[in-house]
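Please find the structures below.
Below, chain A partners chain B and then partners chain C, in two separate complexes.
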Partner chain A sequence: MKRASTNTAPLSSADRRFYAALAVLGGSYGVMVAALLLADLAYTTPGHLWTSLQSSEIRYAIRLSLLSCTLTTLMSLWVAIPLGYLLARRRFPGSVLVDLLVDIPMVLPPLVIGLSLLILFQTAPGRMIERVLPVTYAVPGVILAQFMVSCAFAVRTMRTTFEQMNPRAEQVALTLGCGRAEAFWRVALPAAKRGVLAAATLAWARSLGEFGPILVFAGATRFKTEVLSTTVFLELSVGNLEAAIAVSLLMVMAAVIALLLLRRWGGEPNLGQAGPA
Partner chain B sequence: MIRIDRLHAHAGSFELRDVSFELPSGLYGVLMGKTGSGKTTLLEAICGLRWIKSGRVWLGEEDVTDWPPARRGIGFVPQEPSLFPHLRVREQLGFALSVRNWSTSEQARRVDEIADWLGLRPLLERPIHGLSGGECQRIALGRALAFQPRVLCLDEPLSALDQETRDAMCELLGSIQKRAGVTVLHITHNATEAGRLADRNFFLRDGRIES
Partner chain C sequence: MNLARLVTLGSLGLAALLIFLLAWKPAPATGKRHSSTPLPSLLVYCAAALKPAVEKAAHEFEAETGRRVQIQFGGSGTLLSNLRIAKQGDLFIAADDFYLQAARSNQLVAETIPLARMSPVLAVAKGNPKQIRNLEDLERGDVRLALPNPETAAIGRLARERLMAQGRWQSLSSRAVALKPTVNDLANDLKLGSADAAIVWDATVRQYPELEAVPGEFLGSVESEISASVLAFSLQPAEALQLARFLGSPQRGVPHFERFGFRGVEGDAWAVRPEIVVYSGGVNRLAIEETLRRFEQREGVSISRVYNGCGLLTAQIRAGQKPDAYVACDVSFLQPVAGQFHAGLELAETRMVIAVKPGNPMGLKTLSDLARPGLKLGLAHEEQSALGALSLRVLREQHLADAVASNVVVRTPTADLLINQLRAGALDAALVYEANAKPAAAHMDFFVVDWPSAFAIQPVAVGRHTAYPRLMARLVQALASPESQDRFVAQGFKWRRTPKP
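So, the complex of A and B:
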């Protein structure tokens, strides 16, 4: 996404007052965020951080988080690329309903998603799946809970990406000998590469921060379904504030890296929607 | 030859009504009309990119009305070049040949030939970012010509170019059409451009062709 060029012309005193007022009004939020991070940093020391991160529980949570977030990202892209393209390029019976359904996980309270998953897997089809592959209170449950929310953000990112691309290039590809599928593979998808990377980063960061649905649907069992977000909760619940802060800082670092990658790849999601649930 | 027979097509609320005309093989036809008169809709219908409500589209002796765009063998150059952003100039020119599974050596020979026609040799290994509007239009033209189409449809290809580049492109289009022996249907609302290039002129007004 291209940004409008920033105006760097010299300012009059009235302009300066105007921009100063904006900076004061809006900047207070930025100051608050910076203060939160600084407070976390000030509370701990590198030694504390290192010791906490050496614990086997936290190391397990890091490994499971990396695994589940990566799988969730792949699954999200698997769904988001075709669905985003379909919604961007075609109007079909029920497309408005599909569009609405896909957005629902973004606005539902995270706990409700977890509860709904729990209920779904108590139905007959859910129990059948459970007999083959245990999902509830197991690692697949962690991945499914993350996927349910992350996928919605990936779909929206891919849809916006394809909507911003002029379909003319794909039409030209059709006249040059491609069928629809070939035009998609040869033209649309390569042109959407930055959007795919942005959707992947967003899905990964979103699933790393997911908490509510995981707690309800997969639980927070040590050495079983514990991921970084649930570690913060578990460490807090036993009063181990140093460990909770160490894991929080680790997540802050991952989030900052994800945001930098998102900026680099041009995806500018609504960050309010991308925060931990 | 392009023959359009009583064609009806929609573009939103706009409607092309009962459009008929014929452009004999090897000629350069120019289609003129005001903005919003349906020129692009007509070109899209000929290329197979727009659904036709009724009427027929003939290319030579073949009724191609129900054919997909890929089968029609029409080279299409839209108003904005719509180059493929991930491909280098050589790959743009060879795109249709690659889709048709030409051998690598045949592709290279044809791409070099087209690049020589259009003065694109020095640009062949470059990505498209940073190329001028005139260069991009020449690449779009070369991409459409490479697979030796029987018809070339040009949708205001020169409208975004400065006068000097437009004059040069006009000359190039005329010479390329003669060299390739292709039938060309060129949309413009520039009378000078039409005067320089047209063997036949067509005027589209309110969705109807006027000769």
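So, the complex of A and C:
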């Protein structure tokens, strides 16, 4: 995390070999990802991308994807910051259980999360909620399905963030007359900014790619609950590989732009410089 | 207020904005503007592989009927699990029979209307680069074969069954590079070149310009059917059936399926509200009326009923009338017009009875009592009604026809008229069916004629000329249902149909 990595001083030959080994080992993954994208690009044409963008169905899916992912991210942060802080700073009765519970959405197969949501909303309390606000096969269902998964990742990130922060700064604030709450607002939260951004990034990206639970719980109804990931599935299932790839590339582009914006807004100059701006 | 608080409050505002944007509906992109009063929409679960055809057809349906159709696409299996739990929705369109059977065994579906057909073929990439000509070639070392999974796809089960019969399944399935869950996964493999040959539907090959089928029927001539089934829990079955009829009609939905590579079915003609004509012998009226009424309501159709003596009805049919169905008073009245109908289904039978005034003041119990001098007897007309012909035959068999003849004061086309005249006091006795007498039992007494041939069988038959053969098949099914049986029995009929259809 230190900026020392940008050190450009002349290297000894041993160091050079060390860096070369790192580059080969780590770089192979980067090369693989780039190769995947290149293969996709080779399979599509600007024409396909343009056709996809012109389809009103896909434009709706883009809009719904962007809005629902952003809302899901916010909701995840609202839950993850307090819960992560609580789990990192305090042992309380049942904290082990809570810790375990929030991890479950990460290990459950996504389809099962969708199925479980579907079952939940067929119970008596679920039906009562449905009567006021239709969730199953509706837009709130999309958001709920995304939230169930991405929130788990956000909580995990926030917990690690707060755990790695030295509590001394907060303790100093307490000795200077701050209450617990004030210490959180004035010291812990501002210091956790990068963690918050990481959690937001993770939650947003997870939501964008989320597919299984949405298909099961919210369906893939055009102009209603179709998001980009379900569009890809639908196009694949009718053999329209070109459109599926084109939509996937649109998702990659949307993600890249959103993540760059998030990092720039988060004030990380080293990453911001990597952007096209 | 510090920055952290500001950002937190700001995020609340942002959330509100996002919710507003989600709820905000910009001008409909579909270009539809004629929304007067929004009708409740239909929820359809549709196999993703059928998306292109169903979407186009549903769009036309919306334009024609003004009713919105929401289509939930997904793998047939996923959809099946969904609707089992969600228990909402109106129509289920599965990719093949396999899932329909599963839905049936879970009692999730009611009526089923076929939409299209397809057969399995051996498919390869266009130009057949590996020169695959038959099943033997699939065993070659350089051929990568992909097979459909028998557990998840109807075509997989079919392929396994057929290849097993030829003794090839073991070797081919162990040689296959992959068992894929859906037929589209296989087609995508061929398209991408990750497999050289696969067993898919002929319709799949027609949908993929990059593929071709190896000529020849390697798996025998078998077919799978795509159909639309009304969900058992649909709250708007008439509308769901209307959409299913639309999809399965040669004038509307079927051409869309044909355009996307499926073989069409010979379905019912399309009508927003089909009008059908049912001829029925008067004796059956009370037993079938409720069934017809419910059928009209559930199916969203109009039934014109013509109740009359069967002799008159048969004469009308011979004169050129073409009812969509005929519920005859007796099989003998179906025979003269059998050429115009498909084979009849015997529903019920009813015995002949002697109906008399309440308390039976004249002590009439057998047919020979009817020959007493001065008795006023009513008979059904022997040419106009089945009952009349039957009465005459039984009287002749007992050598009473001449003795009774002088007492006959009236011959009517239907038994209802005889009952009315008996109740009015104009007759002392009448020969009617038990099914006529039982509903009027409060106003008269009746005695069963104890004679082997003194009963009639009521069949139902569908006209060969009907424009709605599938609809009529469902009507016959309704008439043969246990509910219909209860209605027949309550009216004094004996149920005749064996449980097997």
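Note that the second predicted complex is superposed on the first by the 218 of 277 C-alpha atoms of A that agree within 3 Å, B and C clash if a C-alpha of one lies under 4 Å from a C-alpha of the other, contacts with A are read in each partner's own complex, and residues count from 1 in each chain.
Everything that follows uses one rule, which is that contacts are C-beta pairs under 8 Å (C-beta built on N, C-alpha and C of every residue); 3 or more make two chains touch, one makes a residue touch a chain.
Just so it is clear, the structure is predicted and the values come from calculations on it, not from any experiment.
J.: Going by the contact rule set out at the top, does A:64 touch chain B (first), chain C (second), both, or neither?
T.: second
J.: What is the contact status of A:13 with respect to chain B (first) and chain C (second): first, second, both, or neither?
T.: neither
J.: So, does A:28 touch the first partner chain B, the second partner chain C, both, or neither?
T.: Neither: A:28 stays clear of chain B and chain C.
J.: Is A:115 touching the first partner chain B, the second partner chain C, both, or neither of them?
T.: second
J.: Just to be sure I read the superposition right, which of the two partners does A:237 touch: chain B = first, chain C = second, or both, or neither?
T.: second
J.: Name the contact category of A:190: first (chain B only), second (chain C only), both, or neither.
T.: both
J.: Hey, is it chain B or chain C that touches more of chain A?
T.: C
J.: Quick one: is A:78 in contact with chain B, with chain C, with both, or with neither? Answer first, second, both or neither.
T.: second
J.: Counting only touches as set out at the top, which of chain B and chain C does A:177 meet: first, second, both, neither?
T.: After superposition on chain A, A:177 lies in contact with chain B alone.
J.: In the superposed arrangement, what residues of chain A touch both chain B and chain C?
T.: Shared contact residues on chain A (touching chain B in one complex, chain C in the other): 186, 190.
J.: Help me check something: in the complex, which residues belonging to chain A touch chain B?
T.: 166, 168-169, 171-179, 182, 186-187, 190-191, 193
J.: Give every residue of chain B touching chain A within the complex, in rising order.
T.: Touch residues, chain B against chain A: 44, 47-49, 68-70, 72, 74-76, 78, 80, 82-86, 95-96, 99-100, 140, 143-144, 147.
J.: So in the complex, the part of chain A that touches chain C is made up of which residues?
T.: Answer in residue numbers: 56, 59-60, 64, 67-68, 70-71, 74-75, 77-78, 111, 115, 118-119, 122, 136-137, 139, 185-186, 189-190, 215-216, 219-224, 233-234, 236-239, 241.
J.: Could you please specify the touching residues of chain C with respect to chain A in the complex?
T.: For this pair, the touching residues of chain C are 2-5, 11, 14-15, 18-19, 21-22, 29-30, 43, 48-49, 51-52, 55, 70-75, 78, 81-82, 85-88, 182, 184, 187-188, 191-192, 204, 207-208.
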